[in-house]
Structures are given as C-alpha cells and as structure tokens.
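When the chains are written out, they are named A, B, C and D in that same order, and each has its own residue count from 1.
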C-alpha cells in the first residue's frame, strides 16, 4: 500500500497485461486504501457502524453459505446470469466487433440489483431490518426498495427534491415497492445532497439501519463491498467472452462511470487479462478528467470542486452520472494507468442512444449510452478497426425515453426555427 | 378432429391428468382447427400468404438449424431462460405456494419477444424483409420493432389512434427502434382496428411483407405458430418447477389471457401433467366467459359481439387485454375442460399489482396482475391452502406505473371527497 | 354451435364437390345470357343503410343500367374494405341499421335486376347459417359474397345457401395459384369475382395490371361469368378490364359519391356512364 | 498529491503516537485552569460569514462569558450538520465568503478567548495541509475540529497542525468503543469533544441520556477537558450535562438565533444565560 506512488510512476500511461502481476482490485485492507485514494473519512459517530460493516462483510464474503444465498437470489430472482449479446449490425457499421454485457436484462433494469441484494443480505446478517439509500435518477432507489420488499425490510430512500420532480414516476415506483421516499431540500437538492442526507440519517439510526450505498463510493468498506458485489458482472462477462471469442479476451472493456460500480464490477473480471479497460464519464461530470483529489462522502478521491474545496454540481443528461466524485478505486486505476477514463458529451450520448436502439433493438440507459458513444467515436481511432470490444450495458433506457423524446423534439424545433430565420 | 364434440362431452368440467392421453396443444393440421375453433377465414388475396406461411413454418419447425438459430438469439439476446422465482412473502400471506415464471425479465419486458423473434426469423427465411404488426398498449409493437431492428428489417406498426395517445411513449419507443408507427383512425381506434388495418396493409404487401401477429389469434397458422413460439415459456417452467418441487408439477398453472399467447405458451408445457390450467381474462374483455362463437380476424373463436354479429369493444384497465376475442385454442381448451377461464376485475387487479410490488419487489404488468389477482382471490377457496401455484408473469409493470398512480390518486381523492361530504 | 364449423379438412375434398353445377341461378343465367349476346356486365355495390336514400340509389343503379346490384350488409370490422366502404358501414350501423334490417328492406325495393348481398362471415355465422340463408332467400336476394370465406371454409355456407336457392359467389385473387383457381371457379356460383388488385376496396388512379391478368387467369379456368372488382374505379378503367373480363364490379367509386351527397339522380348518371363505357 | 494521504494503516499505530502530550496549548490550558478552579467551561459555535455582523456576534459570545469560540468554516456538504448549520454554511458561501476569507478575518476581531475553527477535511485537504495550518496559526487561531476526520485518518493533519502550534480536537461518540475512546482521548488536544447524541447538529427538546453517558465514558478514559456538544440546546440542558462534563458546546441554538435576526446583543444575553446556568 505504501509503495503506491512508485507503482504509479512505473506503470502510469501504459495499460496492458504488465498489470496482471499486480493485485489490482484486491482487498484494500483495513484502511480501505487504493493507493492514496479511499479511506474512511466519517464523523466519529459513524465509525462503529463502518467498522462493524467491514467486519461483517469480511466474514460474510468468506462464507460459502452467504455466497450461495446471494447467488441463488441473483439467479432465481435477479435474472442472472445476464447474457452477452453480439451486436452484428453496429459492429458492421463501425468496424469493431461489439459485444454487450446485458445488465439491462437484470431485474429492475440495471446492475444496481447485484449490489443491493448483497447489501440487503448483509444487513439481515447484521440483524438490521431497515435499509436507507440515496438515489439520483431513482435506479438505485428502486433497486433498494425492491430488495427491501423481497426480503421484508423497511426502506427509506433519500432523493434530491429536484430529482423527485424530474423523476416523479420513479418516486411512485419506490412507494409502490413499499419504500418511504424523502425529498431532500438541502444544497443543490440533487444526488450529492441525497448522499449527505442519507449519511445524516444513518448517524442517528445506524444501530438498526443499514445504509445501502449505491456505488463504489463512500467510506471504506463501501467501495470495496460494492465492487465485490458487482464483480459478478465482470466474472460472468469474462467467461462468456472467452466462449464467444475462442478463449480470448476482448481487446477493450468499456463501461460508463458515475460512481463507478458497473465499471468496477466489470473491470474486476478483467484486471488479470490484457484487455484495455476504459471508463467513460459524462463530460459534465468527469471527476477523473476535470476533478482534483479531495474528500467527500467519506472517501478521498477525485472530485469536481472549486479552489476553496467547495463541491461543484455535476451536470449531465443522465441523472445516474450526475455525481461530482468517482469511486476511489477508479482514481487509483487511473493514476497507475491500469484503466483509462474518457468522457462523452450529451450530444454524442443521445446519438449513441438512438443508434443502438435502431441498429440492435436495444434501448440503453443514457448512462450506458456514454460507453457506447465513446466506442462509436473512437472506432478506427483509439480503438483499431477489427478490435473486439466488450461494453457493459449497465441498464435499460425505458426510464430515459421521455427525456430523449423531449431533447430530440427540442433540437428539431431549434433546427426548424434556425431554418426559418435563415430562409 | 371430427370427434371434437364427443371429446368435449367426455371431458368437459373435469380438468386433471385424464387429459394427458389427448394430443392437446399438438399440430392443428392443415385446417388449423382446435376442435371446432380456429380455421382460416381470410379474403382470398391473403390465402396464398397464409398457405406459404404454414408451409414455411412446417419446414422451419422441423429444421434443427432453425431451432438452433432461434434458441441462440433468445438466449444471447432475449435473456432466456427466464427464472422461476419463489414468492416467499406472498405465499406466506395467502397460504399457497406461489412461483412466478419471470417473463418480465425477458428483453423488452414481456414474453412478446419470444414470438416476434421466431416470426422475424421465419420472415427472413421466406425472403421477406419487412414486418408489420398490430399493437394495443404497444408491447407487441415494441417487441416487433425490436426484432426488426436487431435483424435489420423494415417495420411498420399499426396502433389505434386512441392507443397512440394513451401510450405516447411507446410510440416514440417504436420510432426509436426504427419502426414506422401508423395511427389507425377507423372503428373504435383501438386494438381490434389496428388488427384490421394490419390485415388490410398485408393484403397489398404480402409478397414482401410478413404480418407478425402478436398473439395466438388470427387465421391459421398464426395461433399455432405463436403458441409454438411461446411454448418455450411452459417448457422452461415445467423443468424449473420440477427442480424446485422435487420432480413434482405445480397443482395450478395460471396465466393471464388477452389473445392468449403467454397462457398458451405456458399451458403447452403442462398439458401432459396433472396441473390445473387457469387462464385469467380481464372482466371487461372476458371473451370466454361473456363471449359467443364468431369469426373475426380470420379465426372462429369466442368473441364479444352483439346479437347481429357486430364486434364489441373490450374495456379493461390493461390495454394488453383489451381484445374482444381470444385465441381459438383457448376456446377449445375451455370447451373440453382441459383449462378453465376465469376473470379478474380492475379493482382486484390494481390491488394485486400493489401487493406483488410491495411483498416481492416485482412490479407486474397490469396484464399479468390479472393472474396474480385471481390467485390471491381464490387462495383457500378454489385453490386449496397448501397448493403450489405457478403464475406466468407475462411482463413487467414499468409501462403501467403512471396509469396506476393516476388511478390510486383518483380513488384517494374520491374517498377524501366522500369523507368531506359525510363530515 | 351450429353447422358453420363442418368445414372440409382439405382443399382437395372441396375440389370434387361440384356445388357449382346443377340448375343455374338468377345471377349466373343473367350474366351468361348477356355474354351470349356479346354484352359486358356491370355490377354496382352500395352499402345497405348507408344513407337515408340508399334504396332510391339502389333503384337508380338499376335504372342506370347495371346488371346486378350488390348490397353490403354492415359489419363493424370490414377487413378487406378501404376507408370509403368502412365509413359507409359505420354510417349504416350508426343510423340504427343491422344486417337483418337491410335484408328485410330489400323486398319493398322491388328490384328487377338480381341482388347479391356482400358481407363478412360473422354476420352469417352469428345469425345462424340456416336462418340467414332463409332470410336472404325470402327477401328475394339471389346471391351472396362473403369476403372472408375462402373456399376451404365455405362448404357449410355453400350447402346451406344452395339449399335455399342462393348463389354463393367466390373470389379469385392475383395471388391465387392455378390449382386453387380451378377449384374456386368450380365452387363459385353466379360468377367468379376476380379481385383486380392486391389491396382493399378503394378507388385507384390507374388500373393495376393485375386486373386483367386475374381475369385472364380465371377465364382460362372456367366458363362461368368472370367479373373484376376491387381496383376498378372509372368508366375507362371498366372498359379496359372488359377487354378481357365478362364484366366489372364497382363499389368504392359509387359509395364515395353517395357519401359525398350525390343523390339517386347523380348515381344513375354515373352508372349510365359506366354502362356506356363497357357497351 | 500532498501529505494528506499518509494515514496510519491501523488504529494501533496511532495509539502510541502520544501527540496529545507535550506543551499545553491555549485551549487546553484555559479549560484545565477553569476546571482546576471548579468552573465549568462554555464553548459557543457560530458559522463564519453567516451574517453581516458575525464578527460582532463572535465578540458578543466572548462578552457573554464563553471560554472558547468555535468558528465554522463554510463547506458545501456539511455531512454531520443539521438544517440550521447547513443553512448557515450556505448563507456564508452565498454571500461570497470562503474558508480562507473567514480565517483571514479572525485577527482583526481581536478576540481574547481562544478561537477554534470547525470544518470538514476537504477544506483543509484542498488548501494543502501545510498551507492551511500556517494560515490558521497566523490568524491566531488556537484549535481545529475536523468533523469528518476520524483518528485513523488524522495523523497527517495532527502532525502538521501541531508543528504550527494548533491543537486538534477529536470527537468521541456514544458508539465509540472503550478501546477506541482511549486512543481518541490520547490523540485529542485542547479537549475531547463528546458527541452528546447519535445524530446531526441541531436543537433537541430533551437532553439525550447519551450526552451524560458519553461524558462519563470519556472522563473515565482521560484527564483532558471533556466537553459535550451536539444535542445540548438550552441553559438547563447545559447545566444538566455539566453535572458530569467539564463543559458544553452549543452550536445550533446560537446559529438559529443569528439566522432569525438576533443581533450581537441578543446573543450576548443568551450566552450570559448559558454561563449562569453552568456556573
């Protein structure tokens, strides 16, 4: 752990199989460090809960019974394994072979169910019968409410007031699932404030309540727990790819990055291969590209912040990527060069959303469309023609259809107005 | 085939394993008869296309390559097999053991993908590069547009104008997938008129276009083709149930019935077992309970119609069950007593929708909620306590969430107004 | 359940049934004698009950020189009809008509040319085949055209209709195979209805090639009168088709005019134009 | 990346570090001498920059009889703060203040009681630990309280702060284990901040039982001054806690009054009430 900076020096900028010797994406230890990133920056009242959680997770994760229970729920309830789909038409169009890991087919429509199922089981193991969660667009909130319903637990979801209005239907969906949704009115009234509020709630209830964090973020052990719970995505995908590719791994493995859980879970399956790993952030929320190291929500990672350390709002078309930070392990992977982080802007993303729909009959989540957009853009450039690319399609786009419709209508109207003015 | 009425006499009213000797749900022959039901009542211009389709299907269905292709797409693209989920909390609540066959996890969110994938492959085999389809709520339209996108085919979907307004988002979804959506302005401007219009379009284009019928309805060979393509639901479910139930079959097998494709596909896996088969219609579209035999859309079956043979509009909370007819094989199964057909009303359905969401974390399609509603109502009555019930959850309810929200709000307001008046 | 379901198992079983043979009905004799005298035949369609003056219009059609008048019995779901006739069907039902009420009003119209009813099978099936055949026959109606009753499914109705003295007219389409054409021609009575185009009823600017082709195909298969309908919209198109066919059937062109408010007089003039174009 | 990341790997490595020993800082000496003279201590919090007159209010707190004034440095995401202090933080930032501007205005306030700053670690981390420690020290500020810097992560800051002569005050919570309490008490300087309740900052009607329990726990573990904050809102609650603790910290009760427009005079009176209740 202490050799971090020398490791970073040796490997930075050179992705490839040289890293297979490293124990990347392993156990971050008691301090929860990924190189210099991670850690556990929480007020003392939360320390006991964090320590208990770490201990319980260590026990559970070493326990075959726990794995069996989790695997069985994910299989018979969550719809795992999800398939890998060969995208014939898109591949032909762009000249690289595209495979999609289909988390859109998982129950509740995204990879989030993998994480919440594991955490709900863990909570039950700890004797806690209540889950709280933060949510941005609502995907993680819906997933948490789902797991709580299935396991008969209480559930409260914190959601920025702005988001509750933007995603009114997801609020109702959570309520249908029996959850109590709290509209957070502090700060920017969006995801980061929902996290703050969930942490605040957790401070006063941590003895009976488990905080079900939605991505590879937060204080140790969350980034580790969530990555391990999402590892199933990468593990499945690697086996499936090897079957499809005659034992080979894909040349590129690409996933979108909000907090970074679907990317972390995917990458975890490929760290010991020679695949190039790419995380794609929203251009307006690119914590790796435009962020600087800082501490938020219990972790040291890259953040969008001003010079005085005030956290900035992320702004992107996809609510699920509207987070001003990134999981600390991604900051680490970027710093050592084992993964690279790129971004895609809103226009490209809408185009990719439409292209994947039209060419493959798969409407991606706007979040996932970031990964697709980057691959489309870089095919024949960064990604050589003829390469094989695995994209994790983290979720389905049904939730985004009305937003995209409005965007397309608006841009159509703008164009028409433009034309009228010209003519 | 000619012994139909004596068969009906012998067995009517006595469901059970006595039927395992019968070739129920087998090949309906060249005439496409299920007892007295079915047939092929189409204008002469469509006969050639129907005959060609039957011939091609017979060849394809006897062809291992075709099955391999289909199975492979359903597996790697469609998300099959879908799991069977044990509903612990609902079971405890109602005193019967409930298992769900999870078609909600299939790509596009319902069992419809099984059918359209098969028909699209069949169309390609016939050298037809264009699909047309009717749709009510939009599920079959979305599924058809999806298959067309995936296979690079053209697609036009006919949808009643009333439905295009009610389900505006699904219209956009189909357009995203590259389909052309035609708002049908004739008749009641709903599903049955969309079928009429699709048939009309087919008359003028049948040499290049395949009509992708959405349920076990229409002229022979459609009811047969669609049942065979949905058989995968029942076949999978039977194996999965036997695994779960120590080699036993469920006592009851229940599915909702619009046209009847998910029920037919499910039942097909269980006809040779001793399971009781139950199809649940919408109370406002109960063609078996309230309909009389007649001819519509190319088939002889039970229809909602007036004394003079004019077809009536079905009215239910779930657009997918708003069809005034039912697949002819269901009329047959009802007449010989191999399956029974029940109905659930809108109130029960909304309640079941909420209960399944809250108890199991699964938001069902309103269509599927009919099957759940009947089981909840009859647990401990028609269904003895302690029985095992397999319900096919034909689809997910995301599409219905906003409608249910409006219904619940309205009934809450009504109640409050009522209270105010009383007080 | 009535006899509507006793359909033949296979097309081949129909082939030899020869229901088309035997004594000639009013429609077939009229059309044959026209042909024998070198005249082309004209059959005009209107939807029963579509307008308050529909009975006058039917008589105007007779007066204009049609050989046969075809009267639609309204059905909620007219699958082979285009917008014009769909709308007429809806108008009829909306003004309180029913298939039976249309049938029952035929006798008092006192037509002297043969009348055929055109409808969909459910109308007959729901009423009961025997009952419906009796009702049609007692109304003095000579023939029936059931749009969605292909030859495979036609046995029950043909038998019942024949017993009541009704000629059942069958359709041949451009896509109908030669073998099948032969069988349909055998079974069809009155005349053989050649579907002039692959499509629904409705007017078209151009006469499709298929109109003549299907007529030629049918004429090669049978001696029965061969009329072309669907896709024939104007006097000149009618004339063109009659170069091959024994006559034409016009529906939408007439129904549209009625819908647009053209009265009996106007329709009579239009029919006269048609008559002249094929004479 | 700066030294903020050189944290101890294990809690145990902190235990022996004994940073709490050595020469006493201004805060700790003041509180110890109060205790030695049998007086309870009062520490009052306000958010720097939250109102135009905040500096006057700080002086009023001194005049009212507080022993320590705690000044919040505004942060956008104050995770352990309830709505009252969150809002104050936002008010401060919205009126153009920054953590540095607050620090820089302390000297001219000319306080004669020790000042501690209270903030979140990102404010320090982003500025750079060394730079921030220097700035705080040159402003004459005696102590720091970093809400989200638990003992495991505190090594770098404590070292840097100590070098600059700043006392870093650490928190003990009701859920903190005995072992851990011991370690935190060892590391904490100035005083030990006992978190009186499991919850965020904010006023409460009742003094939670945990307030006295945590004070007792800490007093059993250390001789350092033991002050209870979070969950203490009124003079009588303050008095009640001081039955066990060496003093109390009031934040939200003061900040709310400022937010509601209470000026320096009003706050001074409130502080006087508090002072009287614990004397």
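Keep in mind that, in the parts below, contacts are C-beta pairs under 8 Å (C-beta built on N, C-alpha and C of every residue); 3 or more make two chains touch, one makes a residue touch a chain.
It should be emphasised that the depicted structure is a prediction, and the values quoted were computed from it without experimental measurement.
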Computed over C-alpha atoms, the centroid farthest from that of chain A is that of chain C
Between chain C and chain D, the Cα-mean centres are separated in Å by 97
Averaging C-alpha coordinates per chain, one finds the centres of chain A and chain D separated by a number of Å equal to 36
Here the gap between chain B and chain D, centre to centre from mean Cα coordinates and rounded to Å, is 66
Chain A residues touching 2+ other chains are none
Going by residue number, chain C touches two or more other chains at none
Contact graph of the chains (line, ring, star, complete, other): line
All chain pairs satisfying the touch rule are A-B, A-D, B-C
Listed in rising order, the residues of chain A that touch chain D in the complex are 1, 5, 29-31, 33, 36-37, 39-45, 47-49, 186-187, 192-193, 196, 199-200, 203-207, 292-298, 300, 303, 305, 307-311
Interface with chain A, chain B side, in the complex: residues 75-77, 79, 82-86, 89, 102, 105-107, 109, 145-150, 152, 169, 172-173, 176-178, 353-354, 357-363, 398-399, 401-402, 404-405
Seen from chain D, its contact residues with chain A in the complex are 1, 4-5, 7-10, 74-83, 86, 90, 93, 98-100, 120-127, 147-153, 170-177, 180, 184, 195, 197-200
